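My questions all concern the structure below.
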Amino acid sequence: MGSSGTGRLEAFSDGVFAIAATLLILEIGVDTTHGRSLGDELTHIWPSYLAYATTFLIIGIIWINHHHCVSLMRRVDRPFLFINLLLLLTVSFMPFPTKLVAQYLQKPGEKDAVIAYAVTMLLMACIYNIWWRYARGDRRLISDAVSNASLDAVDRAFNPGVPSYGLVLVMAFISPLAAVIITLALAVFYLPSAALFERSG
Amino acid sequence: MGSSGTGRLEAFSDGVFAIAATLLILEIGVDTTHGRSLGDELTHIWPSYLAYATTFLIIGIIWINHHHCVSLMRRVDRPFLFINLLLLLTVSFMPFPTKLVAQYLQKPGEKDAVIAYAVTMLLMACIYNIWWRYARGDRRLISDAVSNASLDAVDRAFNPGVPSYGLVLVMAFISPLAAVIITLALAVFYLPSAALFERSG
Amino acid sequence: MGSSGTGRLEAFSDGVFAIAATLLILEIGVDTTHGRSLGDELTHIWPSYLAYATTFLIIGIIWINHHHCVSLMRRVDRPFLFINLLLLLTVSFMPFPTKLVAQYLQKPGEKDAVIAYAVTMLLMACIYNIWWRYARGDRRLISDAVSNASLDAVDRAFNPGVPSYGLVLVMAFISPLAAVIITLALAVFYLPSAALFERSG
Amino acid sequence: MGSSGTGRLEAFSDGVFAIAATLLILEIGVDTTHGRSLGDELTHIWPSYLAYATTFLIIGIIWINHHHCVSLMRRVDRPFLFINLLLLLTVSFMPFPTKLVAQYLQKPGEKDAVIAYAVTMLLMACIYNIWWRYARGDRRLISDAVSNASLDAVDRAFNPGVPSYGLVLVMAFISPLAAVIITLALAVFYLPSAALFERSG
């Protein structure tokens, strides 16, 4: 298409973000066939709630950032559509490692589960960086009206992503539970921060 | 983004509402391996239909109200996006307690199932109140063209939410079945009421 | 809202239609634990393909007609939102009886499965009629630019719906397989017909 | 509707594409009840990752091409809506053969699984060709502003589709694994190619 508007890119991406986030709940279940009461079981599966909330917030943050970045673009091109597709492939993969964390945390295999989770997040953060660098390099896809300061603000906001998930991956080898809690904390503290977008209003 | 239009907030939110409502059906199943005929089983699983219809209508009501409230806003800001994300996290969690009600109503564990259901609804109602109060406080996100009477009408409509679900939670301890039926009745009677929006047309 | 544009009604409805149609595939599975080869099993589960295609086309037809009818409206009101919600509740219920047909056709219980399927379709057709009659009565929600001939064309197109599904329900008692095939035939023959919309272009 | 804009066709189609792609992940699961560690199991299920990535990229390509082709149209008509529905029926069927490949590759039954996969892709490619030929024949649905060179570019891009999937089907009989890898390679090499749309900018 040479170039094209951003409308349907947003529609398809929004769809994938919303569906991936909403599917997460399907992986949560209870098992009362072993004699535990339902009330006990609902307490016992707290790792499922932790995994659900963490991934839901991360997908929400990605969506908000995706939303903001696309709003700075005047067009998309074919290589960008391809990178965007890889990003969405990673996002829609997330329910799988989330299910692993929900099922294995505090059980044998929890380290492998959290490593798979951290690797997915790290991969997503790397693809997201490539996605942004492609769009922003030489202002390739950026609207003329957008100031360089706005682009720098996005750069600064994206910089901590890869190291943060790298840290989570390292933590997964030391304490799988701590690694998941750190991921949740990163999401909760990062999200309300207005630092990223203050300058681009 | 400092401020931003409401378009993609609506797209993402609509997506989550529609998906959460439509996923509910996946949790309904029949089991004819114990010698019951399919016809008997289809009658026997009436709690599944009750849970399905109740949650579907509640999500529909939330969607209609969300729709109306966002139409009063001229912009969204970052804290609001965060609160909206928490609201969606609660909405997309609903298929889980709905499945619990479908599976455990009229069986051992039904009280725990309905308590989990009522707590989720109560939490959702609280977050929804915070969501609205944030947007409406000092007319922070409200369009200039919207009258104070319109905002008051929304306030009045939202006031019964938290006490209603609190009542449902209390009822869950006395009669789980009654608690679910009251929830359905609240939804059915509340929805067609034109009281909320008559003044804001 | 007194009255309101049709944009978000369409967004939410389109979402439910698209999701309900796409979820159908999740109910299809194979079971090769009983010694049958995968190739044989893939042939053996033809009722699943039949059920999938039939319901998918029916949801598609409902979507096309919904699309057309809403395009004739200038606004929606609160009772209409409620009826629309009941319609969507029925549509998003469809994966359940579809799964029943896929699992039980040609097996004990097939009559009950197809009756459940036909009752769902009949209920949907009734609600759809109410939905349309409400919007069209006194031209309550209809755009001024729409001719009465266009409305009559929709009436004529909707008239066969309830009797057709009534016939399917009767057939379910005589021959469940024939009832499903008739449903598919109705969808295939009905859909490409240009009769409905020729006059409303 | 005689004729109609393309907006809601795109909304419904985008929804189906996004949902079908995102549902794929639900079919991936691990089984550690046979004594294998989770880490080993996560390596062992590589066919699931291969099947997931391949189908996700194919759906993404179809979506991008669909997006491009619809952007060339000024209207849709009823027969086109029907063909589009058949196309979506095939796309939303994809999670099923993808699950088969994920479950059976490198196991007894892999040939049948990959044949089912290739037949689905071939069918989809055929319907896609019909879809495009209908829209483009006599420029039936094409905007006046679109040059014939743009249409020829789409023709050239679509030509390899059916033979490619025919080749994959033949390969499925010789080496199921090779057939899947070829499908992935076709997707990866095809997607970033700018050949299709360079001339139509």
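Every chain is named by a letter (A, B, C and D) in the order it is written, and numbering of its residues begins at 1.
The rule is short, and it goes like this: contacts are C-beta pairs under 8 Å (C-beta built on N, C-alpha and C of every residue); 3 or more make two chains touch, one makes a residue touch a chain.
The structure displayed is predicted, hence computed values, not measured ones.
A.B. asks: Residue numbers at the chain B-chain C interface: does the shared fraction exceed half, giving same, or fall under half, giving different?
C.D. replies: different
A.B. asks: Considering chain A as a copy of chain D, what rotation angle in degrees (nearest 5) results from a C-alpha superposition of the former onto the latter?
C.D. replies: Angle of the fitting rotation, chain A to chain D: 90 degrees.
A.B. asks: Chain A to chain B: how many Å between their CA centres?
C.D. replies: Those two chain centres are 25 Å apart.
A.B. asks: How many angstrom lie between the centres of chain B and chain D, each centre taken as the mean Cα position?
C.D. replies: A distance of 36 Å separates the two centres.
A.B. asks: Show the residues in chain B shared as contacts by 2 or more other chains, in ascending order.
C.D. replies: 11, 15, 19, 23, 26
A.B. asks: Report the topology of the inter-chain touch graph, choosing from line, ring, star, complete and other.
C.D. replies: Ring.
A.B. asks: Going by the contact rule at the top, pick out the chain D residues touching chain C in the complex.
C.D. replies: Within the complex, chain D touches chain C at residues 1-4, 8, 11-12, 15-16, 19-20, 23, 26, 78-79, 81-82, 85, 88-89, 92-96, 99-100, 104, 108-109, 111-113, 115-116.
A.B. asks: Chain C touches which residues of chain B in the complex?
C.D. replies: 10-11, 14-15, 17-19, 21-26, 28-30, 32, 37-39, 42, 52-53, 56-57, 60, 63-64, 67-68, 71, 191-194, 197-198, 200-201
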